[in-house]
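A short write-up of the structure that comes next.
By written order: A, B, C, D, E and F. Residues from 1 in each chain.
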Amino acid sequence: MSSYEPPVGHILQSSFGHGVLRELSAFESKISPVNLMLPLFVTNSSPDALEPINALPGVSRYGVNNVLPFLSQQVEKGLRSIIIFGVDVKNTKDKVGSSADNDMGPTIEAIKIIKAKYPQLWVAADVCICPFSDTGHCAIFEDGHMDNQKSIDRLAEIASNYALAGADCVAPSDMMDGRIGAIKSKLRELKLGSRVAVMSYSAKFCSGSCPYYGPFREAAGSAPKFGDRRNYQLPPGASNLAMRCNSRDVGEGADILMVKPAGAYLDIIYRTKQEHPNFPVAAYQVSGEYALLFHGAKAGAIDLKRGVLESLTACRRAGAELILSYFTPQVLQWLDDD
Amino acid sequence: MSSYEPPVGHILQSSFGHGVLRELSAFESKISPVNLMLPLFVTNSSPDALEPINALPGVSRYGVNNVLPFLSQQVEKGLRSIIIFGVDVKNTKDKVGSSADNDMGPTIEAIKIIKAKYPQLWVAADVCICPFSDTGHCAIFEDGHMDNQKSIDRLAEIASNYALAGADCVAPSDMMDGRIGAIKSKLRELKLGSRVAVMSYSAKFCSGSCPYYGPFREAAGSAPKFGDRRNYQLPPGASNLAMRCNSRDVGEGADILMVKPAGAYLDIIYRTKQEHPNFPVAAYQVSGEYALLFHGAKAGAIDLKRGVLESLTACRRAGAELILSYFTPQVLQWLDDD
Amino acid sequence: MSSYEPPVGHILQSSFGHGVLRELSAFESKISPVNLMLPLFVTNSSPDALEPINALPGVSRYGVNNVLPFLSQQVEKGLRSIIIFGVDVKNTKDKVGSSADNDMGPTIEAIKIIKAKYPQLWVAADVCICPFSDTGHCAIFEDGHMDNQKSIDRLAEIASNYALAGADCVAPSDMMDGRIGAIKSKLRELKLGSRVAVMSYSAKFCSGSCPYYGPFREAAGSAPKFGDRRNYQLPPGASNLAMRCNSRDVGEGADILMVKPAGAYLDIIYRTKQEHPNFPVAAYQVSGEYALLFHGAKAGAIDLKRGVLESLTACRRAGAELILSYFTPQVLQWLDDD
Amino acid sequence: MSSYEPPVGHILQSSFGHGVLRELSAFESKISPVNLMLPLFVTNSSPDALEPINALPGVSRYGVNNVLPFLSQQVEKGLRSIIIFGVDVKNTKDKVGSSADNDMGPTIEAIKIIKAKYPQLWVAADVCICPFSDTGHCAIFEDGHMDNQKSIDRLAEIASNYALAGADCVAPSDMMDGRIGAIKSKLRELKLGSRVAVMSYSAKFCSGSCPYYGPFREAAGSAPKFGDRRNYQLPPGASNLAMRCNSRDVGEGADILMVKPAGAYLDIIYRTKQEHPNFPVAAYQVSGEYALLFHGAKAGAIDLKRGVLESLTACRRAGAELILSYFTPQVLQWLDDD
Amino acid sequence: MSSYEPPVGHILQSSFGHGVLRELSAFESKISPVNLMLPLFVTNSSPDALEPINALPGVSRYGVNNVLPFLSQQVEKGLRSIIIFGVDVKNTKDKVGSSADNDMGPTIEAIKIIKAKYPQLWVAADVCICPFSDTGHCAIFEDGHMDNQKSIDRLAEIASNYALAGADCVAPSDMMDGRIGAIKSKLRELKLGSRVAVMSYSAKFCSGSCPYYGPFREAAGSAPKFGDRRNYQLPPGASNLAMRCNSRDVGEGADILMVKPAGAYLDIIYRTKQEHPNFPVAAYQVSGEYALLFHGAKAGAIDLKRGVLESLTACRRAGAELILSYFTPQVLQWLDDD
Amino acid sequence: MSSYEPPVGHILQSSFGHGVLRELSAFESKISPVNLMLPLFVTNSSPDALEPINALPGVSRYGVNNVLPFLSQQVEKGLRSIIIFGVDVKNTKDKVGSSADNDMGPTIEAIKIIKAKYPQLWVAADVCICPFSDTGHCAIFEDGHMDNQKSIDRLAEIASNYALAGADCVAPSDMMDGRIGAIKSKLRELKLGSRVAVMSYSAKFCSGSCPYYGPFREAAGSAPKFGDRRNYQLPPGASNLAMRCNSRDVGEGADILMVKPAGAYLDIIYRTKQEHPNFPVAAYQVSGEYALLFHGAKAGAIDLKRGVLESLTACRRAGAELILSYFTPQVLQWLDDD
């Protein structure tokens, strides 16, 4: 038997042997601080609150007095952007989620103090009704049915109040029809249309009871009181529906598209970038993903650092410029160490 | 303020309201038995062996007498394809992995009895040197260096012996240069070129010490004695290198391309399918992925069934026609129950 | 001279040798009952009418009493969807096609009895003015000119009346500007926007006198009294115009895009699917195509079954999920026989 | 109800209103003489033969004395290219098709006299064994089995003899593995590699008993004596296999790719052009397609001119630069008349 | 050492050896008169004006009496389209650019006499405020700020007046938000929506002080009095922004997309064509490009004819169907000479 | 008249308002030192030579003693890679270009001293016969004809001698058939296959007398003595041929693809990157481009810095990771200044 000699064209190492070639080849998967967005839970339980979240070991809710000290460490390590989740435990939840944009509520207060101290930091605010409504749903209900028009009017109102408070970006996490257009219209009316970006949770999969979102509820206190959110979130296999949601939101003016969760939807991140190459894409590594990696490492199944970096590298490789991850402080530290 | 009315073109539910429309829209993500490939560990420790694998709770190594009873349950539930990993604990490991294709070794023995009983079952055999060599590496070493030519000659020999024993497919899991061409040449020489398919582990990421592959070693008994396999597996961010490996293997005659691991590389599965639409793509959900889901469910973080099905749906949605998963028996049961 | 040995990479049969591989490779061209949509001509000439159509040998117009008996045979063989063409021979044709949506007219009557008996059947209704107008054109004329706005208002009215009668889908076959948006707006106004799908004849080629559409006129009784329809149908070479029509209709809310005719426009079907991967695509095998295959087979030039199946396989392969074909009953029978 | 006003962006006529815009938009579907390739049957039954082919009404086989008079009319109307099919009725058919490249056989004789008279005409010759072998198959059989290596060696010999006689292009119509490479190797050996093009019947669908190829057999006298050609022609749904054939032939040096038949494979023409944009694509409108259009027109179902031009426009629109059609003389006349 | 023999598949010359093959291969880069659009400066300084433009050696501004004599030479050589730039030196410039569409102003006068003499010529008119406003900016300023709404209303007014005067196409060269939609709405209101095309300067790079646009100012007399135009023109690296401008303008009804300048943005021309294959693309070879080629040739660095033809061939190859070039008269002459 | 209000989705500034968004959007067009490759002319006229090149004002040929001092300045400013052009004025030119790889010739000497001093610098060497042959052609001539096989054998020899001297990359600038494969084979034979990269001048347009290449000849002293190079360089319109050259060279093992010249071929750079996304692409801004920009700036037509940076930004935007430019020292300075 004569040996098979691979064709010369099949030598691959020559393309990656020298440092210059490797540097020219792998830009797109590199993680830099600018790619990391910190989810920040701000509570009004007490100004000095510092409440560990059981379901997200290592992550806390911050009272207003603790926000800046925590952020200052991150900014020093290169943090460029955050997204605020306000947790209101003082005001009564009602039908329309009135406390969402209470002038003295945690979200608006946090936006103001953060932008005052760090005007260059890019500050986004999550926009939804569910953490503040008595139903725990992302919509306003009338007679037992979601009222889409009222819901998007209200979402536009909340978003514009965050924008008026100084947010650079508003990020509607509900899935109501037309909420991007409603928010953009309202922003334009207020002459904020050109300054404030809208990051749409445009491809948001799965319902509240799905594997991934459980722990978030404890963090943000937003479990629905009845039914679940399957009606307005996407089933895991529905790639064509997700793509149509992306297109719809682009058509209504979204500036950034988000895929959530990240890990089990890397192909959707890639397709989103393919279909919308001229838009930044964000990936949200949700609380369930955090939990799996954390517990897996604890059980010795994986090495935490390698596992986390691999998961974030995957998001970058798939095309996400922005990654929302609870591991952000840890990763900034690792990048700083290198 | 006047309300924003979403454009009529942004109504999405009408496209998915009726069952016929949903059926026409979501073919590509559905999991059928034909999409599931069972990894089967066959040991020669004893003909009656039934050895649970600690790192893969619920998965066992089978002695030759237990193979058919186990398979018969799966075939009844619709199993169409398997991949055999031989575990030789009797013969001495040597430089070239002689026991890999020992005529009476576990792999060849298993192929023969399985094809005799289930001629329609599509039987693949994993082809590598590492489980049978004294170095634990996927290559033959001479003077401390991998000898690529000797390695691929040997791999071709192993593969062709599996093919002669009746395997429908041989699946080289090493990453040596030119092994696909060497195997195809040898198969052609033996007039098996048109009957036996080659499934290439073409985009195989990460080294043996990475988060994902740990538990597999216990199962197949193949940890390297020195160094690790990073030299011949791909770093997580190297999408361009992975794509070039796919193209190279297609150029040498691969019939099926495999991405491994699956979960953190869904975007790579998608790109593989995009660049090679005329080839079936396989995804290997590795032991580490199994472990994360298993332990996560045990810790109550996720619901096992929903989590597993979501992970496999993701592989299908990304473009994999074949999924190698240790959950296969469980999923066949779930599909059977529905 | 030394022989040329083809590269090992050029062996193709190994990729298609085993049944599992063939099954994984050819999903997309398979014809299942869910892919076949039956065009159904319903006449009010008499409740018991059963009128053979000369130009479509083997196809008939059905009076209301004969609809369900005929359908029941098809549903038994797996029929999942139909499209109704009402033929009104009793009411006077007028400028606006008033009889199109006459409450007791054949279309609305058929929708009601069919949905009552087969609630799971997906029932579409062709929407146009031409079979019911005194001009035989697809538009309303004022002062000798087509009035686009009046035409689309009227089309929206007809469509919504079909929807109110129970149709799951309305399918405007005219080519007026803005008729998709007009219909969707009207449906939304009536709270039917999310339940009723709109299938747009978006890429409809050629005029009434072209080779393909002749026989249909006898079937539906809709030849124009003056001029022809070239002004609002596409010339055969105009692929860019067809693609812009598709995009326009998607922008106005079409749920399904149709290419008509099918056979000479397979490349357009393919391009439509490529540009709109997240939408189902329908292909209409028109009466002229039916006639060519029928007469060709009769003359012994081709084998009818092979010719018909090849033509439908081609539509599926090109990307159509839905095929409107007069051969539907015959094909359901063939599929049943296999 | 307020009327729906279509968005201004949905006005399409402005893009096609002026002649300059129409001219800039529709280049790609236009039929020019350079796009038409004439299939020419040359017989050695008698030098003065002029034998009408029943199955192709209006098409004849030409004896050597009648070739130039017939061609001269076509060249005057702009004909730029032909493809010769030699029909040998004098020499005994044998195992290897010896008469195919008989020095005085019809093919070689025709090439010589045509190139002598029309040096600028692009002259291709069909290359196969089937019209000259005693089996009627496209391959050489040994012991009842096709011998692929002998077949491609013989095909290379035939092709190179045609090239030596002056053919500008050789067009292997068999589907043997490696015949393109074998022909190119032989041509290179003879220093003809850079002058003579190879047009591969690379995506040739269906077997001899399929609807489309029947009439050709009468024309070229090449029905198989046993079995049929399904083993080496593609089933109608096998788009992925067709695409792999195209790629394989490009890899072996094909200069032009052909899709055959044309009409039911317009999507394959389009995909071939998409995957191989840098290669000319030919479409063969086969004898069955000719027959359907001819008989359909005769039966009054279609208008011949409109039907034929629509079918050829479709080939151009799908991406074919070259169309092999029996209607070529008729179309040249029509183009000349316009 | 044994020589390496290139694979037979790597012979390229056979694909381009014969004239027919070359003709079938290179359609897309050929320059025909229909691809050339003449920029025409018309001045009202005097009816008999013929003013050489220093910065564009060889190009002049024409008084109304000299327009037709100059054009008649070009039309004879095949010119099919022009774009008019009116230069008003008589009327006072004001805030809103009133003289742009003065009924007796140079633009409208030129449109009328040209369309009267050459009804088949496709006549476009550049639409902007800057040559006629006292600020020299493309927008109307209120209180020192651009007023976008007033600007687009005014642009729509100018455009519609040009259209009413007979222009076949209006070409807004500003970059205000929404000007395409405003113009299309106004045209539709005037029943000109289907007759008059809008060519959008959709991807217009760089500001007035950038290398390329300098000389144009002398020609059209339109330097800004304060600030520059960087706010509303695109920075050279902003491909994603350019692509979003193209999409936006298509969404508002643009019939033709323009990339400006041409030479340093060939990749943008290509991408524009890729993303909008169903729209004609225009490339504007600006005055600075003209100057570089002219002076380079004068200095002996290049051959003018080869350099100019290469630059225009590049535009065609990249996908532009229309090229606006000051070399048009010269190129028509060269084409005529060949 | 009511004003047209642009859709909210058409606000673009919100996507680019904040620095973080701009940074995430424009990575791909940024110029970093790693993207710049310095062409370095090394002469053996005298060890202390420092010869200004008239045709490239500001660029010089360096004697061996002046190489390191010049380079040290560039490396300090961040230079990462160079390409060496040896200019031999001492040895007699002969048929095979013997002096190209003379052990003591300027190229090999330069490689050695540079790699000794700067082991991290990525050092490429241009490989051709023309500067060293008595014909001035890129090939070896036998009996008045190019001998392709001898030429590629010789090119492989030269390349491997440069590689043995320490070059990290060899860059064949001829266009002979098979030279990439020949070089790779030779390198593999010498066990250099995995260490040394091959950068192919794969899409090299135009002949020596074309506008762009003139000045280079003075620099490298390589004008052909008879004929020109049009036979083996590509005509400007031949995009399909260029793409086939790229594919061929990838098939033979090229590690990097080069497009030359850069400026008039930006669309080709883009297409090269599109078709070969997994390979680095280099763009060569040739001497003629340098001259046009230099003289244009001198004549006041453009601003040099803006013009040069725009031209290089264009290369990056089009997809080139590497730019070979004579402006490299100047640009490193500008980057350093910022």
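Criterion: contacts are C-beta pairs under 8 Å (C-beta built on N, C-alpha and C of every residue); 3 or more make two chains touch, one makes a residue touch a chain.
Bear in mind the structure is a predicted one, so any value in this text is a computation, not a measurement.
Q: Any chains in contact with both chain D and chain F?
A: B, E
Q: Do chain A and chain C, two copies of one chain sequence, contact each other through the same residue numbers, with over half in common, or through different ones?
A: Answer different: the two copies use largely distinct residue numbers here.
Q: Take the average of all CA coordinates in chain B, do the same for chain F, and state the distance between these two points in whole angstrom.
A: 44
Q: For chain A and chain D, let me know how many angstrom lie between their CA-based centres, rounded off.
A: 57
Q: Quick one: which residues in chain A touch 2 or more of the other chains?
A: Correct list: 4, 7-11, 15, 25, 181, 185, 239-241, 244, 251-252, 279.
Q: What's the complete list of touching chain pairs for this entry?
A: According to the stated criterion, the contacting chain pairs are A-B, A-C, A-E, A-F, B-C, B-D, B-F, C-D, C-E, D-E, D-F, E-F.
Q: Where on chain B does chain F make contact in their complex?
A: Contacts found on chain B: 4, 239-241, 243-244, 247.
Q: Going by the contact rule at the top, pick out the chain C residues touching chain B in the complex.
A: Residue list for chain C touching chain B: 7-11, 13-15, 17-21, 23-25, 27, 34-35, 80-81, 120, 122, 168-169, 181, 184-185, 187-188, 193-198, 250-253, 255-256, 279-280, 321-322.
Q: Give every residue of chain D touching chain F within the complex, in rising order.
A: On the chain D side, the touching residues are 8, 277-279.
Q: In the complex, go through chain B and note every residue touching chain A.
A: Touching chain A: residues 1, 3-7, 9-12, 15-16, 25-26, 28-30, 149, 152-153, 156, 177-178, 181-182, 185-186, 189, 206, 209-212, 214-215, 236-241, 244-245, 248, 251-252, 263-271, 288, 291-293, 295-296, 299, 301-303, 306-307, 309-311, 313-314, 316-319 of chain B.
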